[in-house]
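Each chain gets a letter, A, B, C, D and E, in the order it is written, and its residues are counted from 1.
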Amino acid sequence: MSRSLAVDVAFVLFAGGAVVAAWLVFRTDSMVRAAYWLLASFLGVGAVMVLLHARFLGLVLVLMMAGEMTIMAVFMVMFMMNPAGLNPMTMVHQHGSAKVAGLVSFAGLALVGIVAEFPDRPRTSDADPTAELGVELLGDSMLIFETAGVTLLATMIGSIAVASKRGRFGDAEEGSGPPPLEPTARPAPEPEPAMEDHDHEGMHHG
Amino acid sequence: MAPFAAALAVVLATGVAVLATRWLPTAVPSELTAPERVPFLGGGLPEVHAWSRYHVRYYAMALLFLAFDMEMVFMYPWAVVFVEEGVLALIEMLMFIVILVLGILYAWREGALRWA
Amino acid sequence: MGVIRRLATRAEAPVFPVVGAGGRLRASELALLPGIRLVGTPRAASVLLIIGDLTPALVRPALTVHDQLPSPRATVWWPVGADRGLLQAWPGLVTVEAGDAEGLRRIFAGLVEGRRASDPPLLLDIEPARWRGEGPYGQGGTGMTGGVPFGRPLPGRAPDPDGLELDQLPLHIGPLFPPFPPGLVLDVALQGDVVRQASVGENPFRSWPGGPDPGPLDTGAFVEALTTPTGVAELELSRARHHLRWLADALRVHGLSALATRVARLAATLAPTDGPEVEALVRRLRRSRSLASATAGVGAVDRPAADLPAGPVARAAGAGDDARTDDPAYRALGFEPVVHHGGDARARMHQRLGEAVQSLELAGRAGEAVRAPGPALEGPRGPLRRGRPTPSSALVALVPTALAGSEWGDAITTVVSFDLDMEEAALSEVAGVHS
Amino acid sequence: MTLQSLLVVSAALFGIGVYGALSQQTFVMIMMGLELMLNGAMLAAVALWAMSTAGAPKGQLLTVIVMTVMAVEAALGFALVIGIYRIRKADMTEKLKRLRG
Amino acid sequence: MNPVAAVGVVGGVLGAGAYALAVLDGAAARGVAGMPRRWADVVVEPARDAALLALTRRSTTERPDAQAWALAPGLLAAMAGAAVASVPLAEGFAVADVADGIVLFGAAMAVVMVGVYLHGWSANSPFPLVGGYRFIALALSYEMPLALVLIAAALPAESLSVGAIVASQAGSWNVVRQPLGLPLYLVAGMGLAFWGPLDGADGADLAGGTAAEVSGPARLAWELARRFVLVAVALMGAAVFLGGWHGPVLPGAVWMALKTLALLALTVAIGHRVARVRLERFVVVAWAVLIPLALVDVFVSGALAL
């Protein structure tokens, strides 16, 4: 198998895998599976990046997303009823229009990708792309780099202030208005009437 | 690319080799009775499924991690060109890190590292 | 016979212990036996080892655990003390003399070689609830969280101090949970990894209709001494042994199982001349920063030391009561009680370490001194007074409040630090049986 | 592996992300849709970097920025989920609309 | 390297390393416990245990996530394989000398977190569930120091490739040049393999934690995979901090093996001496002490490298 054929085969597998995994994110009832299907999609994209010689970006994408998706799984399990999907349930609204919007954006973007005349200037340099990125970060784009630092700081402070209970401004629950939606006692609450009046389009699959 | 091909082969082979223990004759689940499948609770019986809205008490730390972890992405390329770029690189990264460490200090002060 | 089978036959037999009435002392020596390995979950075991006699309330948990063993599996019984016959009906049970590791290994080898058939499941194949084919997808559930999907309901929410109101698991753990003292049943509400509420379930050693009939208690020597003149050296040696046995259990829970085995061996063979070895061990454990950080501030009791049931737990909280202080035999030896402060798991560990060293030292000095029978005697868990409640029954009452709000690992540390004996707790009063 | 095929794949990821973000009822699932859209954007950025800009370093930088945006979005999103759940005991967008009335 | 040879080499390293680890652990346990045993028995013991597990039936729980449960040990092993592939085993001999080797290692180790969490989650049983969540708390705390000390080692090498990092230690090893590096790395590495004092995920207080419900071949796979991870950690530590193939007289590959074994022996010894750490406390220590120390390590190493 020639080298470029091997790359093509790998591309088809990884890219196809990424798309299928992305689709499965919204087809599963288990929150943990949903998060890790998304991670699988990122893994596929990371592998394609490696094929494109963006080695560092591909690997670091996996590094970041493994952590981020695990945290995502943890939060989804924390806040979703029935997190493992033991009782399958459609959790969608505006299903039809969402499908249409998704298809339209796919078709539009794909059309742009196919029709638009992007200049054909492949990367030829043999320099280490990681080093190029480093030079860029420390040189021309130094301000962007430092701004990212400030943004991340703001994110840390903001998210902790919003999430923590005992903030500086008193207990987060004080003065919260409406009563809980459902009785809080054990055993598990009865089925949600609120769920019944949405269009349950056939998402399931037993 | 060649090293990645080798690495990919290794990843697939090691993963599949360990997964293959599933095809050992003893690994095929025979018909286990319901009591054989009860989760272990030291002789006790469970009332409910264990899968639940699990109260993670370190969620504030997880949020901190999400933001702080990004620093890695900037640090790896920095490490490669660091010696070439010299003192300026050191100072720039020091600034960046100091900004982020302020976040940790804030989190510490707010007690976000303590579990809820 | 293939190579794999031949290799497996010579492996250490993984054993999951079921400690029944009178079995506790034997169980503490299990780790010392060659060719046997104690495991923490039935899923890792090949042999279910019943030590002592099963009481009615222990039968169902023992059967539950038995069925959780993967096949090939076998059940071995080491009879100790009384046999009230409940085990006669256990299918496939092999009786082996208590402490006979070789006999157990023979059963294990037969099992692996295929000469011996694996035990069949003993409980009826009945699912926890009817669910098949019910509900919209045939999974037995209804709506979002209702019904019994796959046989069990989903847990419900409960308030928590954090204000998030997430799910809480009602769990009944024990009486065969290895980190717990044998027989302890704990009903806990677990939210995340935090014990929100805990209560102690029915004591399985109290389940005989005619009242409890314990086998030999691990503190039996002390109960005997209430009525018979006993050498001080002998008593104090038993006390040191007791504390070292406790230490072995505690170390196992803290992830130091190899060291625990060493301590268990020391406890089993302890002599007054072992003073230096014990002191070296105690020095090392006291200096261990990891043990200190694993126990400091854990399981602190929330009432004044004076209100605690007397004994090592109270002395670890600063109350100096010790029945030995008023005992003429001990006064002659210049006995002064060991006292620690803090009242947490760490103080309790230091208390017992200190008492073990002191007991060994007393045993070395006591010579032929004999303690005359008297109404009260300091046992290793607290004072034994004839006709009064046993120390364990008072300590069990401390468990629920001490556990509420603690992380699961801390909860285990706390339970272990109380040094409970459910068999002793089952007795309504001291020496009710032996006198 | 041509630029066109790469852009089609990234469009597919983006489209699935749009579908997810619009159809899902819960915050966290909506965030997954957003992350998928950014995933597609990142792939397009890297593809253009490798094939159409002769490897201009700014292309890599753009991808790094998108990753940062994802981290920021995730951290703030989760913080909001916690804050809202603390108050409303619900994590669904629909229910919030309902409660407003 | 051609893929078949690559798989053979990595498989050999992982297998031999995991077996050596099991033997070391058995010997140390017997030593600490004071139970003398013939050396021959200690050496064969792991094979016997593995054989017994292979002959035992796999059990399952009432309603597990079977696929994810099966995947978990495979993920761990695959990631350990990826990490081993990026480490040069002798001068100029790496299975996959990826130019961004320590990023590959970091990515692989991040995916380990996914594997352990899945292993705990999938059983649908309380103790494994708690174990899985414990591991996430641990992983979020050790991951940053782990990556930072590797970055510090990359500074003098001016490259993220493990081979270059080893080559840069021709004069003096990183364990001397960056004294903070190895201790921090070992703490993080023990967390990664949930070993010794950081084994909360599979701890005795949870009846085995994430492994509480696995038996037979599934248990064998899990125990193997977990040891593979520790072997990968030790191998990387030997290359990055102990000078890799550098050493007098003996060939480079032998030095690598000896250094890896030394690190494995060290982790085993720590495992038998240090009690399990309370995670709540470890998390605070990791963020307030380990991460700042790792940052100090980075900047001091950087200043020295200039």
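Details
Rule of thumb we're sticking to: contacts are C-beta pairs under 8 Å (C-beta built on N, C-alpha and C of every residue); 3 or more make two chains touch, one makes a residue touch a chain.
These figures come from a predicted structure and were not determined experimentally.
The chains that touch subunit C as well as subunit D are A, B.
Among the remaining chains, those touching subunit A and also subunit E are B, C. In terms of C-beta pairs in contact, the better-connected of the chain pairs B-C and A-C is B-C. A summary of chain positions shows that the Cα centroid lying nearest the centre of all protein Cα atoms is that of chain B. Chain centres computed from CA atoms place C at the largest separation from subunit A.
Put simply, the C-alpha centre of subunit A and that of subunit B have 16 angstrom between them. Subunit A and subunit D have Cα centroids lying 5 Å from one another.
Chain centres here are Cα means. That of subunit D falls 33 Å from that of subunit E. Distance from the subunit B centre to the subunit D centre is 20 Å, each centre being the mean of its Cα atoms.
Looking at subunit D, residues 64, 67-68, 71-72, 74-75, 78-79, 82, 85-86, 89 sit in touch with two or more other chains.
Residue positions of subunit E touching 2 or more other chains: 54-59, 62-63, 98-100, 103-104, 106, 121, 124, 126, 133, 136, 140, 143, 147, 160, 207, 212-213, 216, 280. Counting only residues that touch two or more partner chains, subunit C has 41, 43, 68, 128, 149-155, 157, 162-166, 168-171, 177-178, 192-193, 407. The full set of touching chain pairs reads A-B, A-C, A-D, A-E, B-C, B-D, B-E, C-D, C-E. Subunit E makes touch with subunit C in their complex at residues 28-35, 44-45, 47-52, 54-59, 62-63, 126, 130, 133-134, 196-197, 199-200, 203-208, 211-216, 219, 272-281.
Residue ranges of subunit B in contact with subunit D, taken from their complex: 59, 62-63, 66-67, 69-70, 73-74.
Across the complex, subunit A meets subunit C through its residues 78, 81-82, 86-89, 165, 171-173, 180, 184-192, 195, 204, 206.
On the subunit D side of its complex with subunit B, the touching residues are 64, 67-68, 71-72, 74-75, 78-79, 82. Those residues of subunit D lying in contact with subunit C across their complex are 82, 85-86, 89.
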